[in-house]
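The letters A, B, C and D name the chains in turn, as written, and every chain counts its residues from 1.
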Amino acid sequence: MIVMKTDATPEQIAHVVEEIKKYGLRADVSQGAYRTVIGLVGDENKIPFAHFATLPGVKEALRVEIRYKLISREYSKFSGEMIERRIVKVGNIEVGGKEPIIIAGPCAVESKEQLFRIAEEVKKAGAHILRGGIFKPRSSVYSFQGLGGEGWEEAVGASQWLQEAGRKFNMPVVTEIRGEAQVDLVAEYADILQIGARNMYNQDLLVKVAKKKKPILFKRHFGAGIEEFLAFAEYIAAEGNKDIILCERGIIPIGKGKDYTRYTLDLASVPAIQKETYLPVMVDPSHATGRRDLIFNMCCAAIAAGASGLMVEVHYNPEEALVDGQQMITPDELKDTIDVCQRIHKLIALRRNKD
Amino acid sequence: MIVMKTDATPEQIAHVVEEIKKYGLRADVSQGAYRTVIGLVGDENKIPFAHFATLPGVKEALRVEIRYKLISREYSKFSGEMIERRIVKVGNIEVGGKEPIIIAGPCAVESKEQLFRIAEEVKKAGAHILRGGIFKPRSSVYSFQGLGGEGWEEAVGASQWLQEAGRKFNMPVVTEIRGEAQVDLVAEYADILQIGARNMYNQDLLVKVAKKKKPILFKRHFGAGIEEFLAFAEYIAAEGNKDIILCERGIIPIGKGKDYTRYTLDLASVPAIQKETYLPVMVDPSHATGRRDLIFNMCCAAIAAGASGLMVEVHYNPEEALVDGQQMITPDELKDTIDVCQRIHKLIALRRNKD
Amino acid sequence: MIVMKTDATPEQIAHVVEEIKKYGLRADVSQGAYRTVIGLVGDENKIPFAHFATLPGVKEALRVEIRYKLISREYSKFSGEMIERRIVKVGNIEVGGKEPIIIAGPCAVESKEQLFRIAEEVKKAGAHILRGGIFKPRSSVYSFQGLGGEGWEEAVGASQWLQEAGRKFNMPVVTEIRGEAQVDLVAEYADILQIGARNMYNQDLLVKVAKKKKPILFKRHFGAGIEEFLAFAEYIAAEGNKDIILCERGIIPIGKGKDYTRYTLDLASVPAIQKETYLPVMVDPSHATGRRDLIFNMCCAAIAAGASGLMVEVHYNPEEALVDGQQMITPDELKDTIDVCQRIHKLIALRRNKD
Amino acid sequence: MIVMKTDATPEQIAHVVEEIKKYGLRADVSQGAYRTVIGLVGDENKIPFAHFATLPGVKEALRVEIRYKLISREYSKFSGEMIERRIVKVGNIEVGGKEPIIIAGPCAVESKEQLFRIAEEVKKAGAHILRGGIFKPRSSVYSFQGLGGEGWEEAVGASQWLQEAGRKFNMPVVTEIRGEAQVDLVAEYADILQIGARNMYNQDLLVKVAKKKKPILFKRHFGAGIEEFLAFAEYIAAEGNKDIILCERGIIPIGKGKDYTRYTLDLASVPAIQKETYLPVMVDPSHATGRRDLIFNMCCAAIAAGASGLMVEVHYNPEEALVDGQQMITPDELKDTIDVCQRIHKLIALRRNKD
């Protein structure tokens, strides 16, 4: 990190940026109220900090050991940017703003009719963003892989339906990009690009998706600690894309005997992550619990824990869904859930403002 | 499990109980609206079920594979007892009833003055039950082990203070029994006997504590799955003591890198356990997170998840506490927290009644 | 799975294969001593098994729930193929054969000189296959990402050096493919294509790599159970590529307090996996332990557990390595280790032959 | 830790010990080649180190943060004791010595006949120490709890049989103490007192057992990290009993899907623990894997990892055992296993001597 003097000139800043490039790294320039701070993106071992400390306009050249400095609240204080919370805007929706944001829709897009019917119903129930999986990551080659698994034409068709449904019912849409070959297609039709839990460590995919400069919904891997989660979000930020919505979706359950929930929803990670980064954090109780009968309580708990929103799988008839029927709720249940969550969010927000 | 006919006579029931004893097992007799059901406590391999099926008054003799039948909601249906929720009464406090119950107090009793001051302040803040550790389980022989570790006289003294403080400020009191030699002492002075997470698997201690016929606060081990947790609660119930308050306090964190919370609070276990058993479930966010700055959010989240109450460590000056200062909140913070939690509890309860 | 009659004609078999394709699945035809068995690759929900049961030449049409049937020893019995162990041949090296196979080399290729020097030394020490990372998966964007991270030209150069070093010292070479864009390049120069632990769940990458029809070294994710590991190996086999070498490299450590090893090497998974599949299993103690001083013992233990070989990171001067120096051993240490491992392998093999 | 001057007099040492007692701690005096070092056992917060530094004969008064200093190899260097390995002697058996020590016998003592038959057969097969459970920790109140669970008379009887069998076949005997009430009984009849995995955190039991001054077989809890394991072994050492045999028996498996082994045997913990402490480490593959067909390989792997011995469950007819039949091997299998393990031990020991 290169901290410039308060009176550093634009030329001096540009010179430092040039020098950084010479060493094979990139520069992330943050102009704050106090001063300009230049983040180093890449292998800092290559940087002669002593040399940079002597360049004109430079106040300090520091090696920062933290693995997620670009998205760090702490780091944003150096420049005086002082970012407490970043609001990620998608159309007129503000993730991380005053309202809890609800992403809802089917686990997988199965047909145009199914998608449009669910889209209409979740909109009525109060959802803000429409979800629908096209490329489904599955833990068996013998399971339905989403319409994206049926062929390219089907993938394109499903992507178009998703965009249409979003426009018709006035909701931005989000869907997962499972592999690098899908980035261009999904980025053309979706408003938010999702990177699923299984791909959290897939740095090549992260970089490729980040370059699309669209908001990214980034899910925590079920085996990842918080530090790793943020260190991989940093791969996205390092491409200059800070419109990142983090999403907790459960970690591997431990303990002998059968699992009563599919994963362990780590709700304390929500406020813990919010102390570290200014990025908004959402929660997906559907995949975390895998149980329809726990969704209401865990949505409420997530909002009470301080989450900026929820991602919930919804189907008008969960029993007939091709994927994950046992964890989907109905539009009526969604409406009830949103109603209680909004009230809890207000109670929590009141208290936060007292801090 | 021996299911009696609806018209079975008391003599027939007594005869079955006698027969069970002959095989070295005990009988748990549940008289419900429909009929009497006799649970078998002990090694069922010794029971000739075919023989029991032919005894007078017996409708069915079934082998039940579930490891926690005595505390199971499912099992309570056989007899028509149909227990949805059991309220554990401690004085005039009802754990599992209409109000969320707050257990609060210092991690460790340090002096009479410290205890009384905190007792007074948590009472004012709205707490219902007073806690205070006398025998502290510690993961180093080089740490303060509670006043119980200073000598027997100190242990007796601290136990008396706890009882006095509870009486003075009109709160039942709870403290942990760490070893078998402490059972008589603690049972003399405390209203609720706590079995800590590290002792969840300690079946000899469980049996000895259960025999005291006082309410038991039973904490989940940090490495235990839900099935194991309930199977060990069954050791208590098998002694005829069903006044068990279950408590989730966090499981071992997974993931590389540093832990941002001390344990992973498994809040989805709360509603999941409530589907299995009629026993009330509380949550201890203090030990789970180990972080004062997360207590408010995690208390709210626990109540939103459906918990019957909370166990919170409180100190007027957390910095000077001998044990776990970093996870204690002040009485003022407790008051705020209780206030928001009560409102959330109402929102959640409203919805539950619609089910 | 479609089991053909023993006297089914080639035409009947071809007809069944055609029918399978009509439903959007692929067919995996195994001709064994007894009969032909046709595996179904894809979503079996689409298959009308009753219909297939009536086709000419068909004995049985069975739904197989196991998620890894193509690589299963059990499944190989249906056709009479009876595969106990599959030997994966790479040049004149047989992985899964009579000798334990040692893959050795630097963690990362740093320069042509470094690579050639290490290649020469590991060859002398007794290694069979040369490794060297070009695209390094790293948990921080601020760490050295391998020469592949420096630019495409560097990546091509390093790949060529690797091929040259292998040819010069007569060893097949293996390197990791981290992202889809690297598949063509690596497949051109390497003899074995490695899919790293972090990409185990990356099904799109698996499919793309599998199509290259070269042997694949497939590492278990640190959060994956054995069933998942094999279910994802099945993605590779489903492309018709069964030259898969499985590799255990440690799972996430659990327990409070500092980690004494980087991951937990799950050596019992080696014989457990060998009961399930005929594929060879190797072990990587370098990444698993992260500690040079444990490598000798864990190599010996891996071979004693029944592993078909080892993957070990070696450097002539571990202290100066750019990546993972603390877990590399010297060529001299490698020689000692190979020597003892070969003797243990013989002791183990003797006993196995008695079974 | 109080480091005395090399010329400190016995009176000066005694004076320091007295002073330590005044503050409520105990003193662990180690007389080494160079000097005497006095360890402080108890809460070091109570000690005014500055004051101790000025006492006659004192060279240094240091606060040692490590939670397991009494059993630490590092710590033993201060006094010049320089303990590399401690041999725990039981009769004429040396655990931690030149030979790998095999503890074998039934999971549970079922009858005198069963015990004597197995004792005779394991002795012939080459075992050194006889095991047999009397008080079985079980995760269901509905399972056979050992003869100790049948009544006190049965417990005494089984303990006497165990002692007799040991004497008849010339093997020391070991059995588990599950609760505090069993300490006196077991200590009367057994040569080694076992503390099981579920009781690792039970500090009251540890202290009570340690006071018996007999060798202790101390098993790692399935949720415990190495640091915790050693910190609880320190509770035993702090009672002046350093005849501790550590035992790795598997930790909680992680990963979705069914478990292929009952626990995850953490073999890298064996050499890792041996770097920290001079105490011998054994391995129990029976409970760790829960699978008879993996015992041979995992015994060999444990010895290759550097273990000082093995604990194996043996039955002449595993199918008819009342407890854990699926993980027991026959005496013939034991003989084969011991044979190969002894050869591997020699190969490993040769190499160690080169260090």
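One rule holds for everything that comes next: contacts are C-beta pairs under 8 Å (C-beta built on N, C-alpha and C of every residue); 3 or more make two chains touch, one makes a residue touch a chain.
Just so you know, these numbers come straight off a predicted model, no measurement behind them.
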Which of B-D and A-B has more C-beta contact pairs: A-B
Matching chain pair for C-D (criterion: over half of the contact pairs shared, by residue number), options B-C, A-B or A-C: A-B
Centroid spacing, where centroids are CA-atom means, of chain B and chain D in whole angstrom: 32
For chain A paired with chain D, centre-to-centre distance based on mean C-alpha positions, whole Å: 48
Whole-Å separation of chain centres (CA-atom averages), chain A against chain B: 38
Overlap residues in chain A, where contacts from two or more other chains coincide: 139, 222-224, 228, 252, 254-256
Chain C - residues contacting chain D, complex: 223-228, 251-261, 264-273, 275-276, 285, 288-289, 291, 293-294, 296-298, 300-306, 336, 340, 343-344, 347-348, 351, 354
List of chain D residues in touch with chain B within their complex: 24, 40-45, 67, 137-145, 149-150, 178-182, 198-199, 201-205, 208, 221-224, 228, 231-232, 234-235, 238, 252, 254, 322
Residue ranges of chain B touching chain C (in the complex, touch as defined): 139, 222-223, 252, 254-256
